[in-house]
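Working notes, structure below.
So that you can tell them apart, the chains are marked A, B and C in the order they are listed, and the count of residues begins at 1 in each.
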Amino acid sequence: MLDTFFNIAIMRAAWPILLAGLGNTLLLSATVVPLGLLGGLVLALLARSRSRWVRWPLMAWVDFFRAFPPLVLLIFLYAGLPFAGIELGGFGCVAIAFFLNTGAYYGEILRAGIDSVPTGQSEAARSTGLTRGQTMAFVVLPQAVRNVLPDLMSNTLEVVKLTALGSVVAMPELLFQARQAQSLTYNPTPIVAAAIIYFALLWPLVRLLSRLENRALRTG
Amino acid sequence: MIVEAPLIVEARGIHKHFGALHVLKGVDLLVAERELVFVIGPSGSGKSTLLRCLNRLEEPSAGSVMVDGIDMLDRRTDINRARQRIGMVFQSFNLYPHMTALGNVTLALRKVAQKPRDEAEALGLAALDRVGLRDRAGHTPGQLSGGQAQRVAIARAIALEPRVMLFDEPTSSLDPELVGSVLAVMRELRESGMTMVVVSHEMGFARAAADRVVFMDDGLIVEQGPPAAIFAAPQQARTQAFISQIQRH
Amino acid sequence: MTGWERFLDTFFNARVMAKYWPDILYGMVVTVELAVLVVISGIAAGLALALLRALGIRVFNWLLIFVVDVLRALPPLVIIVLIYFGLPSVDIVPSGFVSTWLALALVLMAFSEEIFWAGITAVPRGQWEAARSTGLSFIQTLLGVVMPQALRLTIPPLTSRTIAITKGTALGSVVAVSEILGQASSAVSNSYNPSPLMLGAAAYLVLFIPVVVAGRWVETRFAWKR
C-alpha cells in the first residue's frame, strides 16, 4: 500500500518535474488572478450604469460565462479557434479562458460588495466635494472590498484550483507533470505527491476562509 | 422568610466561574410557593446568571439547586422534563422566527409534554388567550410588535403549566409604550398565584407587586426584604447608592 | 467563398451538425444523470456530516474538519484523476462515470457541510436557550428549532456552490465519460471540424443558463433578511 501510493524512490525521482509544474501553476495563478480582478472591477463599475443598454448585455455576458463550464471554454479556445487560423498556445488559451470565467465571478462579487455600502456613504463623500471617481475609489470600494473579502478570497482559491485544467491542453502545470511522471513510472505516487503539494499550498487559505465564512454568517 | 409557605426554589451556595471571572460568589436564594421575588442590582452583578442557574441553562460551578423537590444538578434528573415545570422569559424574546405564534407555543407541548396536535393547539390557543393574543395565533414573530412578541413568549412558557416562572429582564428591550401590556400580563399571572422570580429594572412594578426585593452586587446578595423597606430604608451603603441612583432617573 | 461563408462552413457546418447532434443529445442525458447524482448524494452527505458535527465529539470533529479541508483545497480534477488512475493500483477499477461522480460528490459534500455548519452556528444562542428552557432535548432543538432557521440561511451560498460544482461534470471528459464535452471532442476529432463543439456549447447553455438565472433569483429571494 505504502509502496503503491507513497513510493519514496519514485517521489524523489519525480520531485524536479513536479517542482517545475508547481512553478507554472503559480505563474498561471499570478497571471489570471490580477487580470480577473481587474476585469471584474470593470464589470462591477459598468453594472452601475443607468442605461439599460449597458446593463443588459453586461448581465448576459456575466451569466454566459458563469453558465459555461471553464473546461468547455478552454477546449473551445484550444481545439476550436485553430480552425479559424488562430493559435493561442497552451498558456494563452488557459489564461484567456480563465480570465473570462473568473472575471465574471469577481465582477458579481464586487458588484454585491458595492451594493452593500449604504448610499449615505457616497452622499457624505460627495457632500464634502469628492468627485464620483474619488468617492468610488476612496470611500465606497474600500468598504465594498472589506464586506466581500471572504468571497473574493474564496474565488481566488477556486482560480488556483482551476489551473489544474491546464493539464487537459498539455500546459505543463502541476497536475500535467504529475500525470506525465505517473505514466512513465506506472505508479500513482506522483499524483499523490501533486495532491499533497496542492494541499500544502492552499490549506492556509482554506482554514482562513472557513473562519471568515463562519463569522460572516454569524453577524450577517 | 417573609411568606410562610413551603419552599419551591432552594438554591444554596451557588458559585459560577466564567474562566477567571467569578460571577456568583456563594448565593442562597429561597423562594416560597406563590411568592414573587424581584431581583435588582447593577449590570454585571450576576442576577441573570443566578436566574439561568435555576433551570441549569448555566451549569453552577458549585452549590445545589432544588426546584419543586427535584435536584436540578443531579445527573440522573431528566433535565428536559424538569424544565417543563420552570418557565423562562428572555430579554430578547427568542421566539422561533420560522414558526407562527401558535407554533411557538405548541412546539414543547407536542415534543416534550407529548400532547396530540389538536390538544396542544387547544392548550396553545388558551395560553395565547390568557395574554390577550388569541387573534394573533397565525402571525409570525416578524409581524408582531415587541410587546406582543414578549407576551407570546410568556404564553409559550405558561402553556406548559410551570410551577415557577423566571423572567430575565422581560421589558428591557421594549419601547416604553409597550412595557405596560407585558407588565399587565405579569400582574395577572401573579394574581393567579404563580411563583415568580423576576430580574428587572421596573421599580414601579416591584413596589406594587413584589413580596420581596433582593439586591445583588458583585456576585453576592447584599440585602433583601419587603419592597417598602428596601426602597424606603435600605440598610447597606451599596443598596442606598443603587436605590438613590435609580430614583433620580 | 467569402470569409463569412468560410467561417459559417467551418464553425456551423450543417452536414457535420446533422450527423453528430444525436451524440451531443446523448451527452446531455449523461451530463444530467451525473449532475443529479452528484447534487443529491453530495448535499445529503454534507447535511449528515454537519448534523454529526453539532454533536460536538471532539476527535470526530477534528477528523471531519481535516477531511473537509483536504477536499476543499484539492482541484476536483486532481481528485478525479486520483480515483480513476490511483485506485486500479489496489485492484479497485472504478469507471470514469463513477470516478467523476464520487469526486464531485465528495467535493460538494465538503463545501455543503461547511455551509450547513456555518448556518447552524449563525442561529442565535437565544434560540437554543429558549427551546431548552421549555424542556426540548438537544436533538429536538437541533432538528425542530435550529435547522429550519439554518437551512434558510444556507440556501443562497449552497445554491451558487452547487451550480459551480455541477458544472464540473465537464471534467468527466478527461476520464472518458461520454458527457457533452467528451462527445463533442471526439466528434471534432472524427470529423475534423469544430461544429460539434458549437453544438456542445449550445447544449451547456441550454442546461445551465436556466440554472444560473434561477440561482440569481434564489439568491435575492433568500438574501440575509430576518
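Structure notes:
Basically, a residue touches a chain if its C-beta (ideal position, glycine included) is under 8 Å from a C-beta of that chain, and two chains touch if they have at least 3 such contacts.
Since this is a predicted model, take the numbers as computed values, not measurements.
Shared contact partners of chain A and chain B, listed by label, are C. Relative to the C-alpha centre of chain B, the farthest chain centre belongs to A.
The innermost chain, defined by the distance from its C-alpha mean to the mean of all protein C-alpha atoms, is C.
Note on interfaces A-C and B-C: more C-beta pairs are in contact across A-C.
A straight line joining the Cα centres of chain A and chain B is 54 Å long. With centres set at the average Cα position, the gap from chain A to chain C is 18 Å. Chain centres here are Cα averages; for chain B and chain C they lie 49 Å apart. Of all residues in chain A, only 1, 4-5, 63-64, 66-72, 75-76, 79-80, 83-84, 157-158, 161-165, 167-168, 175, 179, 182, 187-188, 191-192, 194-195, 198-199, 201-203, 205-207, 210, 213-214, 216-218, 220 touch chain C in the complex they form.
For chain C in complex with chain B, the touching residues are 124, 126-127, 129-137, 140, 144-145, 148-149, 152, 226. Of all residues in chain C, only 7, 10-11, 65, 69-70, 72-79, 81-82, 85-86, 89-90, 114, 117-119, 121-122, 153, 163-164, 167-171, 173-174, 180-181, 184-185, 188, 193-194, 197-198, 200-201, 204-205, 208-209, 211-213, 216, 224 touch chain A in the complex they form.
Across the complex, chain C is touched by residues 52, 55, 57, 80-84, 86-88, 90, 92, 94-98, 107-108, 111-113, 142, 153, 156-157, 160 of chain B.
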